Amino acid sequence: MNLTLLILLPLITAIAILLVKNATQVKWVALAGASAQFILAIVLLFAFNKERANGNVSQMLFELQYKWFPAWNISFHIGIDGISVAMILLTAFVVVAGVLVSWNITDKTKEFYFLLILLSLGAYGFFISLDLFILFFFLEIAVIPKYLLIGIWGSGKKEYAANKLALMLMGGSALVLVGMLGLYFSSSLKSFDLMVLSKLHIPTEVQKICFPLLFVGFGVFGALFPFHTWVPDGHSSAPTAGSMFLAGISMKLGSYGCLRVAISLMPEGAMQYANIIIVLSSIAILYGAFATMMQKDLKYINAYSSVSHCGLIFLGLGMLTKTAMTGAVMQMVSHGLMTALFFAVIGMIYERTHTKQVNEMGGLLKVMPFITTVLFIAGLCSLGLPGLSGFVSEMTIFVGSWEHTDTFHRIATIAACMSIVVTAVYILRAIGQTAMGPLKAGYENLQDARWNEKLAAIVLLIGIVAIGFAPFWLTDLINPATELIMQKISIIK
Amino acid sequence: MNGSTIIFYLLASFTLVSAVLAVTTRQIFRAAIFLLFTLIGVAGLYFWMQYDFIAAVQIVVYVGGITVLIIFSIFLTQQAGDLLPKQKMSRQLFAALASFCGFALIMLQVYQHTFIGNATQALPPTVANIGNKMLGVDDDGYALPFEVVSILLLAALVGCIVIAMRSKPEENIIKQ
Amino acid sequence: MPHVISIALIPLLPLVGFILLGLFGRKYFNKSAGFIGTFLLLVSTALALYTAYQYFFDIGKVNGIYQKLVPFKFTWLEFSKGVSIDMGIMLDPISVMMLVVVTIVSLMVHIYSLAYMKGEARFATYYAFLGLFTFSMLGLVISSNIFQMYIFWELVGVSSFLLIGYYYDKPSAVAACKKAFIVTRFADLGFLIGILVLSFYAHTLDFNTLIERLTSPASNEFKAAVGASFIGITALTWGLVLVFIGGAGKSAMLPLHIWLPDAMEGPTPVSALIHAATMVVAGVFLVARLFPVFSMSAPALYVVTFVGVTSALFAAIIACTQTDIKRVLAYSTMSQIGFMMFALGISGLGGENGLGYTASMFHLFTHAMFKALLFLGAGAVIHYIHSNEMKDMGGLRKYLPITHISFLIACLAISGVPPFAGFFSKEEILLAAYHHNPAVYWIALLTSGLTAFYMFRLYFSIFWGKQAHLHGEHHGEGGFAMMLPLLLLAVGAVLAGFIPFGHFVSSDGAALESHFHWQFSVAPVLIGLLGIFVAMWLYKKENDKPAKMAASLNGIYQTIYHKFYFDELYIFITKKILFNLIGRPAAWFDKNVVDGVMNLTGNTTQLISEKIKGYQSGKVQQYALYFLLGIIGIAALFIYVWK
Amino acid sequence: MNDLFTLMKSELLVTAIIFILLFLKIGKGIQNDKLLTIIQFLLLLNLVFGFFFNEEGSLFGGMFYTNALIVFQKNVLNLGVLLISMLFANWFKKSEHMPEFFMLMLSALLGMFLMISSGNFLLFYLSLELATIPVAAMVNFDLEKRISSEAAMKMILSSAFSSGILLFGISLIYGITGTISFTEMPALLHQSPLMIIVFVFLFAAFAFKLSIVPFHLWTADVYEGAPFAATSFLSVISKGSVAFIFMATLYKVFQPMLGLWYNMMMLLSIATMIIGNLFALRQQSIKRFLAFSSIAQVGFILVGMSSNSTSGTAAVVYFILIYTFSNLAAFGVAAAIAYQTGKEKIDDYKGLYQTNPFLSWVMALALFSLAGIPPTAGFFGKLFLITSGASKANYFFITIAALNMIVSLYYYLKVVRAIFMDKNEQAIEKINIHPTTKFALLLCAAGVIFVGIFSWIYDYIQSLA
Amino acid sequence: MPEPGLYHLLFISAALFFIGMFGFFTRRNLVTMLMSIELILNSVNINFIAFNKYLWPNKMDGLFFVIFVIAIAAAEAAVAIAIIINLYRSHGSIDVEKAEELKY
């Protein structure tokens, strides 16, 4: 399995989109590209499992290394472990759904799809990079498409939101850059290579400086409290597919980076700052949930709830136990799918009702049963209903967090657990007001989902249910990888 | 105290006084004349240092060339008898202060610094020596700078012609 | 050993129904959905009965003790070594009993709904939801793993939510389903943390292993769980109490009961199934499942007893004043579950001590029969009269004869009148209470009288008293589909008490002979009859006695009528504290502080940029001056300061 | 004497073109159109020729020195001039003084070549003046515009002032060391307080040319007033060449004073980035905006330069190559719009994308590259600058640099936002782009994308450094 | 009075340099600003000659520097005056304070 395919395919798709003439063709090309990518991701999953089953236990599989800027010891080094596979699958799911959902974009279709595919390119590249430099390269590649997607096709205070997003994300990546350079120069080998760096022992004082830089830097992407403020505005202003990508994929870049770079390279730093991370993420979880409760705009609801859910990811990471870490990765995947689904549905509703305010809706179940049912399922996933992906990941995090015996961790865990109640409150409020209750006047003739929307929702639902019903395949994928990371940490412990 | 010393001090004070006047007098022609005096004073210093050739060049180029150019431009741009506009007092004070500080800083460090020199094998600055070097292409030759200056003069010439010979004046000339 | 698949099919068939009807029902099976669902459940029921037969009479007993069999399990989600969620099947007396109860009641409701829900636009959806619920409930009772139970626990919650909110365009239904879900969810938080605590010390989530480890005082796990303590209470007690909070939430125990009366907004058959016979007893089942562990912690059992007995009394008092027939039934349910709960609380483990346990399970069993019957009967009444309010009813015995009879049987059963089912089970509970805790016994006795009173208040108000003002079309009793379940359940309510329950279900698996003392039964029966007579005196004929009584006890009556203002208290907590004191400030903080800091950074930059523009004044002399100053400054800096 | 032709080939070629132009001008009768084509052809020839006969050596007793890296630098400048000749074709065709403009520009270019190659302060000073005085004249080439002559005045006076300071510094360093040769000087340098002053004087002169804060004040005014061709020449070619020689002098001549100039660089680099960014934030005129942005860019160049290593050298050269493409593309687009509509305000660009997608994309690419966003080359350029600057593990410094990237992104995005996001009824009409301009823009865009991704370009530069 | 030597000349040149600077900062007339520039350049020339004479008479670097500086000064002055005249034509004044359209 040649991993460069994962980058080449979107690249080719993007170029093809540029070459194609009319809007319909653009859509089909984009869909074809996204589906091919989707299939590729599935194939990758099987290839990965097969390779593991064949007894290949090396940390990264399918490694490839090309020279790129050898003067700086940079190489185009790619490879995957279970975590990456999970994230790639997530991306593939969300991209297909995003392409489908945007089917009726009429304004500047070509540019829209081009940017969408470019964004996915960045994400794929990010998840397979094993070199800090290209990791950073792909991280930043994904920023501008987001900016343009929000700014051009968004709604509301889109320009403000787009600006805020771009600037904050760039701020995050600036910190990442500094941290990355710190790592680079601290090692005698002067290498950006993750595999090389992970074998070295990075001096403790360097870790003390670089860990917060990298963690916060990636944390900005992943909506770490209090750097989450781009999330609500960005998500709510973005076009549907934009929100899906933002929340579904792009925020995961941050948490993935935290895990892959910050924690796994600098376990001592992680130990040092773990308590701060836990405090911040516990605050984010509860505070995000309570802030969600007060929102009236569907997109804001989901955006704030993302802050809360991503807080869980960081909590899982900060706990530094294998179970919690596995849970965090699962939560990344789960939240990605779930929130993408949520945004897709919100987009569909908005397109029909032309409002995102929950109090202006009501009884939509009557006119659009499919859409509201999906909304409902997304909501249930968000509140952690068993059988859907949210449950397994949250529970894994809780169980993992509970493995610490001291009061501090206990309180943090209980605080995190409390979010499931608050989540239930706001999700049910939102669904109760939109889907249930008497039908508001003026909405009698709304149409239910079209084929593309149904397909998009189903794709994401499959992902959610596949994890929810059978989480073991995902944990089997992730566990070996987290185990390796934990080994490093436990040596220090 | 010998004659040379007296001449030096006279030249120096003449140069500096005229320089000060050149930058302070409010009548532009007088300023130009004081500038002339300063330049002559500097030429005098060169003579005093026995750099005759340089002194001659100074007089020919500066006194004969640049000053004339300046006076012409004054003719072109100035009504006779106009006093020069006065700069704001604060700016003057500030400028004086800054200049003085700079001067003080430099002189302080110059006096604290011991210059080492190499006065053993003096090469007298005669016209013959200068001429040999000027067009030499060997190690100590100055042919290349000479050519560079010629190109520069050519370019300056071209530039001056284009700029000074412009045909269509802008509509809103002399608006104020 | 029964075939694993046949057991697995018991819950899976309703799931198939759910998926089939949920995905395609609206389009393809809108008419036939009821029959599909009912048929699938019929098969399930048959399998459940077969399994029960096999278990109780064939394979369950080894050396006279019923075993906990785990014929099947697989690792579903592994957290860490040894701690994993397994999906499995566990057969023991109570789970087999619950299988039977759930399938039978569910089947009755399925059949009943064929008529009751006929013509609904979302008929298929209704059956799909019923299927989902039945699946979840069956999954819950056969769970072999505490987390598996939690999973189905949640699923049960959501299906309850769906069914309560079935009439989703009724705002009150929407509010009720939200309330039900959120309150139980809140309780589940306790359950979850309880699981975390217990599993942390037991290093397992598997029921059998967990119970084994936490009940043997010699094991390391037990020592650790008892050794660790928080504010003076051992970790074991904490874990159990937290788990019990979950059970209390589902079983509508005080003070988490507030969702139950509102849950009556759902279709009446649903109330019969979920909020009377099956789901609400999940809490009892949970405590029973973990009973060996509970028995290791006296404080935990004490909490169970206390909550159970207060709930029983409290609900009975409220039930006396309610006018909505379903609400009366709801409070009665709560009260009866309180009985089951405290019966567990006062029970010990093994032998005679375990009488409370057996009694509780017995009561659970009989209660399922007569309470389902009561609800279905009430459904028939509501179906007929199109109202839930007692004041709209009266004298219906002529119009609804079968309903009348079956309702009467159920009322007698619940009032503990021999020889109906309730008599036997309640008798055992009281007996157990009498032996273990006299205070509880007296309260229970009082409650039992109240029960008889409010049940017959209900009965007389519906079927006797003033003539109901009938208007519009009335289509009889709803036909065979509605009558059949009534009759079957009535038979159950009459006969269930004669089952020698202690032989099958006991705290330690060994048979427990019930010692029937007629002398002991006198007091309960008498007090039951007293309740009935008072009700008859007050309500059989239309009169103004109840109103007068209510007026004379105005303050107390109002307090009771308003359910001791529990709802208001909750609204105060949620609206005032959660929303206004936490939510709003959080949202405000985010909008103004977190966001504000970011915006401030931007604005400050802009402001500085505006302020320093004079530096670039356009005056070349000034530029030169800055130039010189720059040189002097830098030179001075590096000569004198920064060497 | 063969050495003369191979080592000084760039200079000789440029001189030859100047003289060809002179003759063409005197022998009148060639249309601007044709003449422009001829010039472009000559410049192309010049560029192509630049890649051959690269030898290392010195002439005139070390006064002139060249090596492969210097030749490469010259080629970068050549490329820039060629691009300028193509990008502003519309303006050139209309200008009646086109040949003179090119003569001046090429003289300045010659000056820069000599400056990069200079081996002593005399030639350096002369070529610096040669690179400045004609440019001042070029700035005045929009003869009908008031601001053009104002800008020219500001430029000539400021640069005369700065060369006075430079000369004063040279005179003192000559007094202290007794030599003006770059190669002999390091051995004679000692860090005395007077030397610090002298160094600051020289530094200031360089800083003036590079527009480093606080010596940058002339930049924006001159850029705004000058014709686009002159502005882009100033901001790209002139800045690039001075950066090259500045770096060479620092690394070679002032190596003994490393400690001093590292701190000075750090200080001024931070100031430059911050002030450049702060001023760029509130600009409306696109030229002025680019002027301040280029000031901020210089701050980044200083970051790389401060590393005092070959990788720093490579990074700076590489960055300037990229900067040439990106900045010229931006100026090219702005010029194309301004020539047809006279609009030079950022607000005028609102809704540009509706009417001119090509120009919009080129502009966006250019700005992204300037902002350092992948996959554009600017990302690599900036990253390598910062990376080499970070080699001293001075976290404070590089953090400031990295944070400044955010501010700069803000204002680059302001333009992007105007172009792509703002709706505008009176959007700029469809612009007719001259074919050569279009080609040059495409070239720039290609450069902006591929110079980064094709890592061999960087490797090549690194091998030269 | 002491025997005049290098330091005296350096004093004169520095004084001239800063007098020129002062003039440049304060004279509003462009031509007079140009004159100030000439003063600055002259001061530099004195430096060069002084160093050449007193310290490094073995080579003529300083001397040649002066020759070229004078040449450049001429060229610079020529271009500057051309620009000033052009400015005068468009602005009607050569007051430097009045040429400040380009700012901020």
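Observations, loosely collected:
Per-chain numbering from 1; labels A, B, C, D and E assigned in written order.
Keep this in mind: a residue touches a chain if its C-beta (ideal position, glycine included) is under 8 Å from a C-beta of that chain, and two chains touch if they have at least 3 such contacts.
Worth saying up front: this structure is predicted, and the values here are computed from it rather than measured.
The chains in contact with chain B and with chain D alike are C, E. Farthest chain from chain C (centres taken as the mean of C-alpha atoms): B. Contact tally for C-D versus B-E: the pair with more C-beta pairs in contact is B-E. Taking the mean of all protein C-alpha atoms as the reference point, the chain centroid lying nearest to it belongs to A.
Note: centroid distance chain A to chain D, computed from Cα atoms, is 42 Å.
Chain centres here are Cα averages; for chain B and chain C they lie 101 Å apart. The distance from the centre of chain C to the centre of chain E, with each centre set as the mean of the Cα atoms, comes to 96 Å.
Distance between chain centres (mean CA atoms), chain A to chain C: 36 Å.
Among the residues of chain E, those in touch with two or more other chains are 17, 20-21, 24-26, 28, 33-34, 50-51, 55-56, 59, 64, 68, 72, 75-76, 79, 82-84, 86, 90-91, 96-97, 99-103. Counting partner chains per residue, chain B shows two or more touched chains at residues 87, 91, 94-95, 98-99, 102, 105-106, 109-110, 115, 117-118, 140, 142, 145, 149, 152, 156, 159-160, 163, 166, 169-170. Residues of chain A found to touch two or more other chains are 167. Chain contacts in this assembly follow no simple pattern; the graph is neither a line, a ring, a star nor complete.
Pairs of chains that satisfy the touch definition comprise A-C, A-D, B-C, B-D, B-E, C-D, C-E, D-E. Residues of chain D that touch chain B in their complex: 15, 18, 59-64, 97, 100, 103-104, 107-108, 110-111, 114, 122-123, 126-127, 129-130, 133-134, 136-138, 140-141, 143-146, 152, 175-176, 178, 192-194, 197. Every residue of chain B that touches chain E in the complex is listed here, in rising order: 1, 4-5, 8-9, 12, 15-16, 19-20, 22-24, 28, 31-32, 35, 38-39, 42, 45-46, 49-51, 53-54, 57-58, 61-62, 65-66, 69-70, 72-74, 76-78, 84-87, 91-92, 94-96, 98-100, 102-103, 106-107, 110-111, 115-123, 125, 129-130, 133-134, 140, 142, 145, 149, 152-153, 156-157, 159-160, 163-164, 166, 169-170, 173-176. Per the touch definition, chain C reaches chain B in the complex via residues 621-622, 625, 628-629, 631-632, 635-636, 639. Per the touch definition, chain E reaches chain C in the complex via residues 21, 24-26, 28, 33, 96-97, 99-104. Remark: chain D residues 121-122, 125-126, 129, 133, 136-137, 140, 143, 145-147, 149-154, 156-157, 160-161, 163-164, 167-168, 170-172, 174-175, 178-180, 220-222, 224-225 touch chain E in the complex.
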